[in-house]
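In this document, chain identifiers A, B, C, D and E correspond to the written order of the chains, with residue numbering beginning at 1 in each.
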Amino acid sequence: MGNFPILSFITFLPIAGMIIILLLPKAQTLAMKSITLIITGIQVILAGFLLYHYNYGMGGINNPATFQYIEKFRWIEITGFSWIGKIKIDYFLGIDGLSIPMVLLTAIISFIATLASWKIDKAVKGYFALYLLLVTGMMGVFVALDFFLFYVFWELMLLPMYFLIGIWGGPRREYAAIKFFLYTLLGSVFILLVVIGLYFSTMETLVDGSKVFTFNMLSMMDTHNFVANGILSPMNPHNLRLIAYIALFIGFAIKIPMFPFHTWLPDAHVEAPTAISVILAGVLLKMGTYGILRVCYPVFPDITLKLVWWIGAFGMINIIYGALCAMAQKDFKKLIAYSSVSHMGFVMLGMASLNTIGISGAVLQMFNHGTITAMLFIIVGVIYDRAHTREIDAFGGLATQMPIYTGFVTLAFFAAIGLPGLSGFISESFVFLGGFAFETIRVITVISTLGLLLGAGYMLWTLQRIYLGTVPEKWKLLKDLDFREYAMLVPLSVIIIFLGVYPSFMLNLMNSSVNSMVKFMMDSRALYSSITGF
Amino acid sequence: MSIYDIIFYLFAAITLISAFFVVTIRNIVYSAFFLLFTFFGVAGIYVILGADFVAMVQLIIYVGGIVILMLFGVMLTNKITSVAIKTGTSQIVPAAIGVGMFAGILTATLVNSHWRKVDTAPLLPTTQSLGLMLISEYGIIFELLGIILLIALIGAASLARK
Amino acid sequence: MTEFNLIQIAVAILFLPLVGFAFVLFFGKKIKNAYLFEISIITVTFILTAVLLFNKLSWFPDKNIVSEFSWIRIQNLAVLGNISIDLGFLLDNLSVIMIFTVALISMLVHIFSIAYMKGDRLYNRYFAYLGLFTFSMSGIVLTHNILMMYIFWELVGISSYLLIGFWYEKKSASDAGKKAFLVNRIGDIGMFSGIMLIFNTYHTFTFDKIFTQMAAGTLPFNSEFWLTVTGLLLFCGAVGKSAQFPLHVWLPDAMEGPTPVSALIHAATMVAAGVFLVCRIYPILTGNALFIIAVIGALSAVIPATIALTQNDIKKVLAYSTVSQLGYMVMALGVGAYKFAFFHLITHAFFKACLFLGSGSVIHAMHHEQDITKMGGLKKKLPLTYATFLIASLALSGIPLTSGFLSKDGILQGTFAFASLTGHWLFPAAGFAVAMLTAFYMFRLIILTFHGEPKNKEKYDHAHESPFVMAMPLVVLSTLSIFFWYTPNPVNADAGWFLSKWIKSPVLSVPQNARYSFMKTDVVSSVSKEGIADINNSTTVEGKEIVYSEAYTEAMHHAHYPAMFLSLLVAALGIVFAFIFYYWKKISADKLAADIEPLYKLSFNKWYFDEIYNATAVAFTMGSSRFLAWFDMNIVDGAVNGVATVTRWTSSFTGKFDSVIVDGLVNLVAYFSGFIGLILRRFQTGKVQTYLVLVVFSLVIILYLFKTF
Amino acid sequence: MNVDYLVNSLYLIKPELAIASALVLLVLIDLIMGNNKKFLPYVAIAGLIAAAYFIIGQFGMNSLAFVSKSNKGMIIADPFGAFFKGIVVFASLFVVYFSIKSDEIKASFERHGEYYTLIFGMILGMFFMISASDLILIYISLELVSFSSYVLAGFTKTALRNSEAALKYVIYGGVSSGIMLFGISILYGITGSTNLYEINSLIQSSSIPNLTFILSGILIFVGIGYKISAAPFHFWTPDVYEGAPITITAFLSVASKAAGFALLIRFIKITFIKSVDSAGYWQLVDLIDWKTFFIFLSIITMTLGNFAALWQDNLKRMLAYSSIAHAGYLLLGMAVLSNQGMIAIIIYFAVYAITNLGAFFVVMLIANKIGSENIDDYKGLGYSQPFLGVSLAIFLISLTGLPPTAGFIGKLYLFIALVDAKMITLAVIALLNSVVALYYYIRVLKNLFLSRPANGTFEFKVSFSNGLVLVLLAAPIIILGIYFTPLVDLAKNSMQILGF
Amino acid sequence: MIHVGLTHFLFISSILFSLGIFGIVTRRNAVMVLMGIELMLNAANINFIAFARYGNFGLQGQIMALFVIVVAAAEAAIALAIVLNIYKIFSTVNVDEIDTLKD
């Protein structure tokens, strides 16, 4: 394959598609849809290609040499400031075991969400153009290794998302869209501040031996690169790292979304069109946890070690709080939205475990939740398309009316409650096993197991209320799934079952990286205490 | 108290008292006339300070030009038939407080400050030197002033014409 | 037959039902008689289990055949190196006997259902679910590690959920399924916590490896207390699945499912999985853990037995009887009577399945009438059903010549011996009391159903004996309730092949001083000094047993006859009382009930367990959920909502000022923040002189500030 | 002073001369051609291009013009000045184009001669403001700018709001420049000089009455603060921006502000500086605590601008408040008092100029058609006019400062400067402010795209030339957002101020 | 009485300046407001000349004053034109009544 820039290709392909779509005349809606489908399809193929050639032994995380498919060249270079030295920003892409599952997930979910968008009939051109822009933003976040680049991609997907919710959403779409936008922007300004702070704290040694400030994430992870009096250097006597860490963490946590920053999520989900809900829950939420793993952990291992209990505790709150809130919902979609809050809590709990099993579980849970929740939102979409309501109490007995659909629902619900044999089980188990193994969060982990019960509670209750019982007269005409819906649900089901039976497929992929991460964190304990002196 | 002082106090009194009337008296025409006295007083102060040419210019432009302009303004913006051309005042209290404090700060600071005082030079006619400076050192500003006047002319004409 | 062949057979046994499930599920709509495929599959499975049983017991009676492969490998861990999560089979006598039982009953239930379920709308899907259940249950039985057991544990939970709620259009059915699943989940959380503890300590899930490491001295957190906790947490799973007190509430409700399902799942196999689990983890249970298990078992034996006395639904009576009998087994395990517990598990499976199928036959005949007070005199109409039902009831009551007599007697003997060694006489007391109660309510059931005058003439007239496919299973199962399958001696099972050759109690891994005193190895002199079992990765040599002290052996010996006679006595008493009350009607049951009304009501209302749970746990969860949802919408959303400003702006812009949002705390903050914006606007009056006054004031302020610097 | 030197000095003010000649030419042509006003804008453009040509030449210069015995020089020709003059010319070019297209201006066709003459008067004044190093010249040039803009603000004299804007502007401006003049007089009294370089060397060497000096500094700042509309001297801005013809509003918000900032930077950096340390931080004379002053001023300015903008319904007025807020951000760059901050200001300004011009252009095009600047009348315009809608979206997003637009780069460098100076709290406040800012910008986008038009759609076509100009303005925003090396290089080259 | 010195002139100028501002912010008639501005400029001029005289700074101050006078004249012309225009449109020159542009 040589030097083919496959990551750039997979990232910017949608932009090309967007341009084509913008050039098409307004009426060619089918062509636009097809182009989007083809583009996202190619992304899936490229992701498969990445997977095929992926070297399982390379760890990544903090070592640039063990990243794969690296593309790195100077993006911005400005020389000649006498007082500040060189300024440089790299275009630096690469993937490791943390990112490849996310790249895969993004490709798959984007493809499926394209199908879910098929019935969009309002301003089709704008929709698919923005959609593709969004895909680029998401993909970029997962492949960028330069913090600046990462941030640009991170912000890039804000605006398309705003419009996608705001234009094509439900009745309160404007409120939901602005809420989403403000929350995430609030989060990202914190991130920006830390980005700049880190920039002034790390210097990279160039080939010619000169030192320059850098946005390179990997350089920020190396303690040798810290400037002696840098604002966020561990050696800085006014230890600002804690504050910076919290700011960065909140920035990411809003995206997860972590209690108490989660309230944008139910609104955004309820108002967003189905495809966007799928993207939102399937990919966007993962960006938060991915960011924490990619940046917070290795760049601030010292603080992470200090605060890990809190991460776990918030994970626990998310799990239980989300589940309880879900239980009380009357809107089907809102219920699923809260279930996402709960499930993302597992990811946080797993991350807090700081051991291979727990973090593997967390990353796996990110992937699994992506697929499962995507399926759940499609399920909501299917019923909403037909009945034009999502009021849980309005339904009943759909199992009789739509048996095949109900079959998929059952599968998805069971996957969501962590039924063995389906993908959610292994990831949740790993999270618990990992969490339990780490003494700091052991009690939290045990309490969190309550989530298993609550999760089953609201899911089965919903199943009962909507699908079991007798069909009300007004739903006697509902049709079962059509081909397009099969095309969305079947692949996801296959993934869910496949990963339930053979989770090693994913676990092997991330094993080296997670190990490197854990090793790095453990080594850092000694390293940082030697630097800071306590 | 020398004669110099007396003259100073005279002009100072003319300036300040008439200025006070300018900003307080209700009749606009009276105000305009008091403004004339103020300018006159200021011109006198210039003379005391040895700025003969400036004082002349002050008299010609201000007393002869600007005040007349103002009077025209007053006439054109009021119905001549009305007997008393009067103006009201607004926000006296906040203005008095604010400006009072400001004036306090201003005078206190200026009066109490230590200025670079050199022995005063003898008073010499200034007209020639000023003329030289205007066309040499300050030539560029002089030209710029020309443009300002041109712009003012064009602007005023453009606004005022039908 | 090599070991490898046996493993191959086991693989086939496990996956064939899954194939059947998938086939029927996907093609059930298109192929009219898809269920026949499932039935033939299950028949083949049964034959295979028979082959397996025969070969295992003949060729490798003392060997644990293990086959495993690595499912998930976590490599290069910092401290632990590689961790491998294995999947694998463990074929020991326990599992082959159990799998045979499961397959046999499953097959019989399949056959029974052909007629019973005839005409149901989802006929094919019913068989698919049965296939799924058989698959899951086989998994529990055959696995060699606790994680996989947990996996299949959950899967049987799901199949049980699906089958209980099979008639999902009935609200009560779907409620019952949900309840079963959730109550089980509570137990499972305990079990999963136990698994976490296990994994955290031993970094493996495989039973053998856990036992080996424990025997070598590794304990959870290096403390026997935590070992006890681990055991009890794992036991939580059994409490849920085997419907032990206090999680027994789901089982009676589960009777909403089709009756054959009740027979298969909720009487014979799945609910026995809990007991099976305790058998599997027996080596790690400390004395304290066993004692608590025994207490739970005793409570579960007594309470449902008292409830069963007054129930009128034929299936409910049997359900409570099941809970009670499972409590019996658990109690037996708790007091150390391992072999008898498992023995009772097998015998109970057969006769209880027979009873349930028999009740199914009755219900079928009576057109889905389940109330025994509306039956009566069915003996004449359903002679075959009556005969088999009677045999099974005798077995359940513990009347000699039945299998139940043997196993029950063994359990009572165990409690007796335990009590004589430790002084806990309440266990045998509970055991005998339950024996009497069991005999009483079973015969109450028989008398009311089959004897006397028919109460519902119309239904009685239409009643008819069941067709062959329903009768055949009844006959087979009632035959299996006779003693000779297990031992040649109808009064003593110890000599039989079942207990002496096939079932061996396991070697304990628990540290010596954490065991019951009568299980300590160091007090043993007569039995050869047993070391740790010689274990390697693939196979394990069996043949080492729990080493009971001599005193225990002796106590068992002494207890044999007293226990036997006493149990006979109480059973007879129970039967006699039943006849007095209901057949001869010497004493009016209604009058007695009126005399002891509070007790009667307690029993009739099932000790108010459901009410208590609904009023406490369920109400608390729902309440907190509603509160949190409110809290989320109003407080969290509000407060976080951009320090409330955003809410206000957003709302005013969208024109929907949601009065809910600004309630409470938020109101104040929102008002304040909006106020700032308004204050700022207030300055922009449009009057240029005002601006200038403001400028002057600002200048004064700035100058003032600078002077003070 | 010999003639050679005078001629040499004239070489250094070629851009100013070009503009002055163009001004005269415009007057003459207007007189000669009579009713044929078509050529005026082209003459103007030609003059601007000539000026631009000379300005490019100035990037390499570093000298003082009009030096005399008693004066160290009145006009500075340096890259810093060239940059800001460049901004002014850039803005002027577009404003001339806008004027051709504006219906408002077209309405008073017979006075086009005056219009362009006054614009050129303004440009000339700005040029001198940017490059002046003498307080006299500063005052005179400031007044030149002001006079022209007073008239231009009220140019469409029949329109009610035009006249009102002009009246407010002239009163407010008169007072502000009067206060500034008084300040200058005090400074003159303290130092005996009006030349910034001389003042600098004087205050470094001898003792200065502290409070009086502060007084003069603050009073002078009033004049500058009024030009850059920094709070609390901003009050005129919303009213005049709303009232003035849109072309003039755009011109005021970009060019006038650019001149103001150039003046501010020069004033502070030349007058008060002691030395620049190796990290690029300015060590100022310890007389006025400018740092604290700017910190407070910037916080007040941006907070006020943003919060007040939240409530606006008129897009022009909203943009006025937004420009106040942006002045606040720019003052942040001043507050840092470092070369880094200056770079940030320059980058920010370059971006701001392009963006604001674009935004006003779109507002003008829409106002031409629908006759309203009210945000609520923009409902659904994104559908009927996707091109205008998307362009406006790009401009507003850039004003918000989101990547990948150039606005983000401006903000980024600002924050880089702040963090480098360890002024974290200020950075946090600024960032939170930008979140608030998002809210009112997004409101416009909401109306454009999220709402459906209330009654009917506005069908009109964007002409090719207008489209081209829009692309010319919008494309750099995206391109510079992604590849901003040229921007930073430009800033790097432009930050050279003569003397330091 | 003290000998007349610089501070006397400064006192006069600052009072004159303040009176100017006071007139501007209180007088409703626009022409009166303009008169106030002229007072301010005169005050500054007194400063320039006084400083030049007492600080012996040469003639720079007087030059400045001359320029200011010219500027003041120009300003008066433009301002009056604007006021006239206002009168044409609003039929009033009362500054506080001209407030259509506001928040």
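Brief remarks follow.
Everything below uses one rule, namely that contacts are C-beta pairs under 8 Å (C-beta built on N, C-alpha and C of every residue); 3 or more make two chains touch, one makes a residue touch a chain.
Nothing here was measured: the structure is a model prediction, and the numbers come from that model.
Considering every other chain in turn, the ones in contact with both subunit A and subunit D prove to be C. Ranked by how close its C-alpha mean sits to the mean of all protein C-alpha atoms, the top chain is A. More C-beta pairs in contact connect the chains of C-E than those of the other pair, out of C-E and B-C. Chain centres here are C-alpha means, and the one lying farthest from subunit B is C.
Comparing the centres of all chains, each the average of its CA atoms, the largest separation from subunit E belongs to C.
Averaging C-alpha coordinates per chain places the centre of subunit B 32 Å away from that of subunit D. Rounded to a whole number, the gap between the C-alpha centres of subunit D and subunit E is 27 angstrom.
Averaged C-alpha coordinates give centres for subunit A and subunit C that are 38 Å from one another. Distance from the subunit A centre to the subunit B centre is 71 Å, each centre being the mean of its Cα atoms. Multi-chain contact residues of subunit A, defined as those touching 2 or more other chains: 174, 178, 182, 186. For subunit E, residues that reach two or more other chains under the stated contact definition are 13, 17, 20-21, 24-26, 30, 33-34, 45, 50-52, 55, 63, 67, 71, 74-75, 78, 81-83, 85, 95-96, 98-103. Residue numbers of subunit C whose C-beta contacts span two or more other chains: 646, 653, 681, 684, 686, 688-689, 692-693, 696, 699, 703.
If you check each pair of chains against the touch rule, the ones that pass are A-C, A-D, B-C, B-D, B-E, C-D, C-E, D-E. Contacts from subunit D toward subunit B in the complex involve residues 1, 6, 9, 13, 20, 23, 27, 66, 68, 70-71, 74-75, 111, 114, 117-118, 121, 124, 128, 136-137, 140-141, 143-144, 147-148, 150-151, 154-155, 157, 166, 186, 189-190, 192, 209, 211-212, 215.
Within the complex formed with subunit C, the residues of subunit A that make contact are 172, 174-175, 178-179, 182, 186, 259-263, 266, 321, 324-325, 327-329, 355-357, 360, 397, 399-400, 407, 414, 419-421, 425-426, 429, 432-433, 436-437, 445-446, 449-450, 452-454, 456-457, 460-461, 464, 467-470, 503-504, 507-508, 511-512, 515, 518-519, 522.
Across the interface of their complex, subunit B is touched by residues 1, 3-4, 6-23, 25-32, 34-36, 38-39, 42, 45-46, 49-56, 59, 62-63, 65-67, 69-78, 80-85, 87, 93-94, 96 of subunit E. On the side of subunit B, the complex with subunit C involves touching residues 90-91, 94-95, 98-99, 101-102, 105. Interface of subunit B with subunit E (complex): residues 1-2, 4-5, 8-9, 12, 15-16, 19-20, 22-23, 28, 31-32, 35, 38-39, 42, 45-46, 49-51, 53-54, 57-58, 61-62, 65-66, 69-70, 72-74, 76-77, 87-92, 95-96, 98-100, 102-103, 106-107, 110-111, 115-121, 126, 129-130, 133-134, 138, 141, 145, 148-149, 151-153, 155-157, 159-160.
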